[in-house]
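For reference, the structures are reproduced in the following blocks.
Note that chain A is present in both complexes that follow, paired respectively with chain B and with chain C.
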Partner chain A sequence: MIAPGLHQGGEAAAEMPGRPHRLAALVLKESRQVLRDPSSILIAFVLPLVLLFLFGFGVSLDASRIRLGIVVESPGPAVRDLAESFRGSRHFDAAMGHDRRVFEEALALGRLRGIVVLPAALDEGRAGRGQPEIQVIVDGSDPNTASFVQNYVRGAVAAWAAQRAAYTDARPPALTVEQRFWFNPELSSRNFLVPGSIAIVTTLVGTLLTSLVVAREWERGTMEAMMATPVTAAELLVGKMLPYFALGLGSMTLCVVLAVFLFGVPFRGSVLALYLLSAAFLMPALGQGLLISAVTKNQFLASQLALMSGFLPAFLLSGFLFEIGSMPAPIRWITAVVPARYLVPCLQTVFLAGDHWPLFLRNIAAMLVAGAVLFGLAARSTRKRVA
Partner chain B sequence: MSAPSAAGPAELVRLAGVTRRFGDGPPALDAVSGTIEAGAITGIVGPDGAGKTTLIRLMAGLLLPDVGTVEVLGHDARTGQAGIHAGIGYMPQRFGLYEDLSVQENLDLHASLRGVPTADRAEVFARLLALTDLGRFTDRMAGKLSGGMKQKLGLACALMGRPRLLLLDEPSVGVDPISRRELWRMVGDLARQGIGIVWSTAYLDEAEACDRVLVLDGGRLLFAGDPEGLTARVADRVFRLSGFEGRRRAVLGRALAHPGIVDGVVQGDAIRLVVRDRSVLPAVIADAGPGTAALPARPRFEDAFVDMLGGGPGAGSALAEASRFLPRDDARPVIDARGLTRRFGDFTAVDDVTFEIPRGQIFGLLGPNGAGKSTTFRMLCGLLKPSGGDARIAGYDLRRQSAAARSRIGYMAQKFSLYDDLTVAQNLDFFAGVYGLTGDHRRRRIELVSGIFDLGPRARHPARDLPLGVKQRLALACAVMHEPEVLFLDEPTSGVDPITRREFWAHINALVEKGVTVLVTTHFMDEAEYCDRIALIYRGRAIALGSPEDLRRSAAGPDLPDPTMEDAFIALVEASGRREAA
Partner chain C sequence: MWTRLKALIVKELLAVLRDPRGRVILVAPPLVQLLVFAFAATLEVRNVDVAVLDQDAGRWSGELVHRLEGSPTFDEVIRVESPSALRGLIDRQRVIAGLLIGPDFSRGIEGKGAADLQMILDGRRSNTAQIVAGYLTGIVEGLGADAAARSDAAGVLVVPRNWFNPNLNFQWFMVPNLVAAIALMIGLIVTALSVARERELGTFDQLMVSPLRTHEILIGKLVPPMLIGLFHITLYVAAAILVFGVPLRGSLLSLYGSALFFLAAVVGVGLFISALSSTQQQAILGAFLFMVPAMLLSGFATPIENMPEWLQPLTNLNPLRHFLVVVRGVFLKDLPVREVASNTIPLALIAGATLSAAAWLFRRRLE
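Take a look at the complex of A and B:
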């Protein structure tokens, strides 16, 4: 039963130096919850696995086995030779025909990605009547694939011409395309998709998971119970942040291990750089998650906002899938406020090229600034009030 | 830390002209003033939406007033939040526990947050675990505790820092009557040791047991003082009329038509009336028919509450007047449940429940949350397949002829399950469509129910924005549109103010007089009095079946000559426990 001394009880408790105790208790509580909550494990470890497998195996930006229709109008030796080189290439799955009309329907239906018309002039070209024109017809409704097909066909023709020139002793080919690939000589998109996807995964843990767990506390009324205790708003914020910071780094580590040992992505930089970069990125990611949940206080809204403002920009505007340099200027400016756009190039560099500190430090600074702004906003909206 | 100065030694909270709004609507609290004293239980009483939670949050320093001042333990809420939080214990609605932490882990967390020194913890935990009787469950996850145990754990957490003021927001919601009584006893002990307790509730019988009450309605303070002070206003004006076996609903209807009657409800075999003054009584008795006797009754808080609000809604139901009479010549029961059983995995939610309901009766399923009422109910309206047993509605087997059975049912779901985004008119139209009403008939029925329930003026309002009472009327309108023979009402008056509740029961009573059969679930013990017969559901089994009078009588004893429904419930649960143990 309640002993005497009741009336001083409250005052005495307030004078006690409780701060480190309180923070430690909050961190301990949060860690226990993470370990027990299947949805945390799901978002922090299973979802990253799925994404990594998706980008490692499922999605490839390389055009392999493009289905082409090759129209051979008059089968001279050069034309036949070029047609054979298409058929022999591992990039193409080529069908032959004598009239483009044979392939038109298949192109319209999407069964073919393109039609290549090899003109008779290719053989006559030896007579020196100007440059032979190879016509490439592609499905413009899918511009991405269309430009892939175009580039690949151009590359294949150039390779063929060079090869042919080498042993027919003819003139250098009229069409020369110079392409050189650095750092990713196999031109495997996996090698830059997998490092980039680590930024996506870290966004998931930092922003989505954090916003969900804080919103859940509001929904279940536990946040209200916490707020009526002597704990401070800063302690609540830091007590949430620390465990998910650790979880974010853990989930990043898992991705790196898989990337290197399962997908064989080269790792040419240093582990130190990798962790510094990830830690810097977790600041804006966590800040954003805490801000979202402080504002919405609702799991459904929080998840929507986290996906819209965190996940999608990290996906589309970070240089992960689409190169920022080739975006229209206004979109390029928008990417400046997407924290992931500072991480993705660094990750690709640290994996494929090695440590490049000037780039890293510049981007770390940018991420820390974004983190400071987001944390400031989150701290401002996290008051010990329910409305 | 400054000692409390402005407030007197016994005054823990002082509210002065406190107004708080959310958004554009009417204020959640409107110019409320009052005090909370140490060593007493202060009830904050009112229906849902009255402003109880807002008031408690203001006292917990979690909200600031727009106008006025809130002073808690000598600290102003605007500037002294830290001081307030150091001295209060607060249990929010639904207890604020971490369900994925164990009992001990929840206690540890609160001990750290409240700065209980490590050296003292063993003693503090032992004391709180003994108080709440949770010592055997320290390793159990809080989410796996029963409602009553969660409530006690929430209380233990709130008591951690030896608070001087304990704020409990609707602590008895979702808790069975036995646990509710235990909590009441514990809190009484704490008050005697000098702690100030604030207990908010929508149950008026709880208000009666408080030392002081603040009565709220629509954000305004209606009354502050001791509950006896409020009930005194109806002293000598409350009577119990009996002696008209089987006609009580008709008698009540006629009595309410008298202008001198302030309020009236069915109470078991009798009716309970609050009169404006005694002079109207002879006329009412004469009207009730021969054999009627009137005895003075002890006034209750609810009588006074309704009197203060200007009296009940009066007699009559336009709904019933517009309904056809259902023939009573069919001797078969309208609802017939035999050995109903429902298992979820290895958990038996409903275990071998049997009852039958004749035409034109109100049958109540009474029990705490989680006892199996809703599961039984949902099997009977065809929403859930029984694992065993049979159910028939109007002679139709729910398994084989479920469409025919269901077309005879009107169903009003818990929390009124309306489409929040649709307007009132769209909701009515939708439900008319669902029940297969078409063309002219559909239009006429919609017009009729809109008129009866006075929904016309709000036809274009989204259901979301309606006050709770109007939502309830709309839900009832949707459920009766197709003139069902059987009405299923799941917790129909939960959280609704007493006036609206009476209006609701006036409609139901009148429909029953016309031959409609009603099955109702409720955890309001006094609401059970409206029923002709009750099944007490506890832990999945029907532990008692009979009229409210029968059940109360079975619990009567030398030390409890006139038990309430809740007394009866507790006695019957304990008896069934003894039978199981034997």
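Take a look at the complex of A and C:
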């Protein structure tokens, strides 16, 4: 599979000693090699599809119908009214009961996310005995959902109190807080997870695919065969890189099309910014792939290293799902060398907020610096091998 | 038969432990997982900055800013002078939220009109933004309650109580999850590699022509990864209790009982993958292709009930999903044995199905 391409590359180099021709021949050879290898098509187009489906459908932080138990201790008009407003809300799937013990077991087994206890004091209120307290018991074993349940219940109670004040002619609550979520008013977690996952997919193509394929060439000795030709190490790396660069942009385009047309994520920025950002990100991603393959020269080690140093950090340490600011300081410092960390906020911005060049340029610069360092290291370890 | 089995199991264990690659796999991923996941994989919100535009400059708005500065959640409270400055800070992601305190805030909160307060949040990070909105609302409500106490205006107070995890400590959620995740990862990789390596070296055919029967080979391949998995589970349970201080409220016995079936199911999947693949490379990619969806569709990071309705039933095929309920339940909730059992039955079914499928594939290859 590789031999004919290589043969052709060697021939081209012999016939056309000029540098641009040599490079063109190399790129042609590498492109053919990519197109003929089913595993590169698998990693570049099938894997991204699978991942995007998983992130788009499987990973969601939006609690849509929260299962609540509503405890009504004594059904006065205000209590009944509030209980009904919980039942009518599209955020909750509320069950009614008179005794909280009925719900306590369901909460422990995870069948309910929270219990709301409506006190009789809601009806006796305004007697000057302080404020009636509504207790919200949530399942803390899932902390993120627990704080959402608290917020939603708080919001529902506040809305009910405002509404009730309007028709019972009581004085409205003095304090109203208006919340506005910019860029993503429907508060869909998919809107930020899908753009972020494009960074992970591009990492897979840039780092995993490149390191696997180039490591195979080292294993088979075809890399040394290339070195014996007049091609320089820099040309070799550039020739290797260009086809994967195109492949990376291709799978990124596929992801963007799916994100917009299948998942309905708004795209408010410019296509130019998107491609500039992706191109800048592919530099460190490809550089890392080439470096891994040049250091390990073994497919097994290369795949493990690519997953450990490329995929996992892009998933965990990029701010894609987990907030970097909440991590302990040493881990926050580590994130500074994860290239995906610079791409994820830009992708979220270019999709949801629009072009914001000061943010983009700063991050592009960071990615290019990382790319230059990784390419320098890759070129050094490739050259060392020849000597 | 027992001597043969014992010999095979010892041989398998040695094969993993003697191989430098095998040793790397046994040590590196568990360490990395424990250190990085336990600390980095958090949906908690800390160290965020907020901006405040105070158009009131009165007593209560000053008090509000003071309380924000005192809150441990917020790192820095940046005062801005104009709405456009506030907008710029949010655009650049310098702050996650902005508070616009209207000119009549102090008068309103004392009961002379409506107090206007607007929160602007960065929806690009909508999960964090909603949690921050919750914190901010809590602070503002506390302020409102204090003001109301002086002006005797009655309101309703919402008092949250968090069961099982009173401080909503995220590590109490993540570290028990990791016990299940590490068992999945180790079980899969060790199994997938062991068969594929024998295939590549050609020793698998030797094994097949030895006096060992197919089911004996299967048991020989099943037991060593399970032992290694149990070792890692024990290590992680110990770390959860001793290092991370996660309370263990249920019975360890039921946790281990369920873990046996979980490991059998995982190893079954691993054997099935390696029966399908002919090289180590394919086995690794296959294990990866199983592991990523298994982690994402298990409730490990995000709840299953948030997934679309059509996807939820599919997660029942995922062994990790059932075992996560057990681990989390045994740690934090003292899950009754009846519930542990009802989550273990699907694990037994998955184990039975994948192991017999792997056995069938091995036998078919022999013919």
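Simple rule for what comes next: the second predicted complex is superposed on the first by the 348 of 387 C-alpha atoms of A that agree within 3 Å, B and C clash if a C-alpha of one lies under 4 Å from a C-alpha of the other, contacts with A are read in each partner's own complex, and residues count from 1 in each chain.
As a convention for this text, contacts are C-beta pairs under 8 Å (C-beta built on N, C-alpha and C of every residue); 3 or more make two chains touch, one makes a residue touch a chain.
These numbers were taken from a predicted model, which means no experiment stands behind them.
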First, second, both or neither for A:Ser74, with chain B first and chain C second: neither
Touched partner set for A:Ser309, first chain B, second chain C, both or neither: neither
Partner chain(s) touched by A:Thr253 [first = chain B, second = chain C, both, neither]: neither
Partner chain in contact with A:Ser381 - chain B first, chain C second, else both or neither: neither
Touching partner for A:Lys29 - first (chain B), second (chain C), both, neither: first
Partner chain(s) touched by A:Met226 [first = chain B, second = chain C, both, neither]: first
Partner chain in contact with A:Asp37 - chain B first, chain C second, else both or neither: first
Per-residue contact with chain A, leading partner among chain C and chain B: C
Which superposed partner A:Ser326 touches (first chain B, second chain C, both, neither): second
Chain A-touching residues of chain C, taken from the complex the two chains share: 21, 28-29, 32, 36-37, 39-48, 75, 90-93, 108-111, 113-131, 133-134, 136-138, 140-141, 143-145, 147-148, 151-166, 168-170, 172-173, 280-281, 284-285, 288-289, 292-293, 296-297, 301-303, 305-308, 311, 325, 328-329, 332-335, 339
Chain A partner contacts - residues on chain B that touch it in the complex: 1, 3, 22, 57, 60-64, 73, 81-83, 85-101, 105, 108-110, 112-117, 127, 131, 157, 161-164, 167, 189-190, 193-195
Residues of chain A that touch chain B when the two form their complex: 1-3, 5-7, 9-11, 13-16, 18, 21-22, 24-26, 28-29, 32-33, 36-37, 220-222, 224-231, 384-387
Of all residues in chain A, those that touch chain C in their complex: 47, 50-51, 54-55, 57-65, 67, 107-110, 122, 125-126, 128, 131-148, 150-151, 153-154, 157, 161, 171-185, 187-189, 191-192, 299-301, 303-304, 307-308, 312, 316-317, 321-323, 325-328, 331, 345, 348-349, 352-353, 356, 358-359
